[in-house]
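Mind having a look at this structure? Questions to follow.
Labels for the chains are A, B, C and D, by order of writing; each one numbers its residues from 1.
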């Protein structure tokens, strides 16, 4: 499990005064960028120099409680499934102060070559990192 | 069915040069704001003056093809299910130029009172509008 | 003068319930994308196929009144100065309903080649369009 | 001087592959939220419980060099002027890796009451914090 802490920012709420529903996916992506920070050069190096990306093919979000300005989200990332070319991440977003779960997100990505656009096998270093965060 | 046309904007792509996966939900919300534009004062009036919102409780997205800068997304919104306090929308996002389906989104929302925070019955005018766009 | 109409969207306000100050520049850019829509293929064609962009070198914003959810901004774009490689745009943002000016933005851009990164002379078709919207 | 470190995120670049010009103001605001983190409850407490905000009245940005995905911005915030109801912040954004200055931003804000909407005197604890970061 990988934990990422993400304060709600001033501009991230909507006119109903809660974090806009699309931003939950931004939070999950921020968590993944931090997750891949364990690789040399991080996720940016994968994208910029190795031309490998992880486009999403399916996402499911269950919204359970709102996040508001002033809240800090704790995002717990686990690897639910690990295929040859795809990964299923599970993100659990909870409010830091009271532990209430605000959302659960299941995100299926494929490893893809950014120029040739086809899926590719998960690179070895990436796989090793993913293995470390397998759900138990 | 309600159709909404949404050009991809310059800043909506990510470092992999495709529309960022979270933005698909922004596009769906833009479509819903236009959808509710048929009510007097639109969605803003619902939020600002009637204190009624439609927080999402579940979202499923299947990503099928990328959107890029220069593309225009056609978003076809239908009402799949209509309960007393909840609605299931289906959004089909396709590229205008070649008709390729880029994503299908299922979004379950509840009608809620923004101050008291509980769910409320779908207001009559809203229900009438939703009925007009039921999936057949 | 080129006029662009931009409704405030649900997620564009901040925790103080007004349009977030950075978004004024997004609105101006949306207006510019529409402005360049008069060229074949629009701004996207310039970026994607001609490798020409217009990075900003200086921006000045005077905020005069807030925009809120439910407002529609009218953005009046004029070309204040037209050099060989630079353009100064003036954007006046007003609320459609009461005409109150919400912001004035002066934006200096250069025409640049996106790969070679140096500034280039303003292309002829772009210049002709800019001339049409010179401030009087 | 207050220093804030802000990695460029995956979705923050535009179709020209550089950080979108409006996002520089988001970065500055992130820096200010961190700056006010020194107050009890931070900036969120000011907004949510004391009804005090700092709307911008004028912003000037000089863009000097691009930021790209993979860069980390170092934002140095200083207080240039401190009035009874207004503050002028200076933000200097530099790339962490090579020290190149990417932008300088001058931002004039007023302290305002969020409900009554008028300007108010800078609260004492806020003023004390601002004094600590005066430009020398």
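Convention: contacts are C-beta pairs under 8 Å (C-beta built on N, C-alpha and C of every residue); 3 or more make two chains touch, one makes a residue touch a chain.
Since the model is a prediction, treat every value here as computed from it, not as a measurement.
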Quick check: more C-beta contact pairs in A-C or C-D?
-> C-D
Which one of A-C, A-B or A-D makes the same contacts as B-D, at least in over half of the residue pairs?
-> A-C
Chain C to chain D: how many Å between their CA centres?
-> 23
If you average the CA atoms of chain B and of chain C, how far apart do the two points sit, in angstrom?
-> 27
Inter-chain centre distance, chain A versus chain C - centres from mean C-alpha coordinates, in Å | 33
If you look at chain C, which of its residues touch at least two other chains?
-> 10-11, 15-17, 20, 22-23, 26, 29, 44, 47-48, 69
Which positions of chain B touch chain A when the two form their complex?
-> 15-18, 20-23, 25-26, 29, 44, 47-48, 53, 55-63, 66, 114
Residue set of chain B touching chain D in the complex reads 10-11, 13-17, 20, 22-23, 69
In the complex formed with chain B, which residues of chain C make contact?
-> 7-11, 26, 29-30, 33, 41-45, 47-48, 69-70
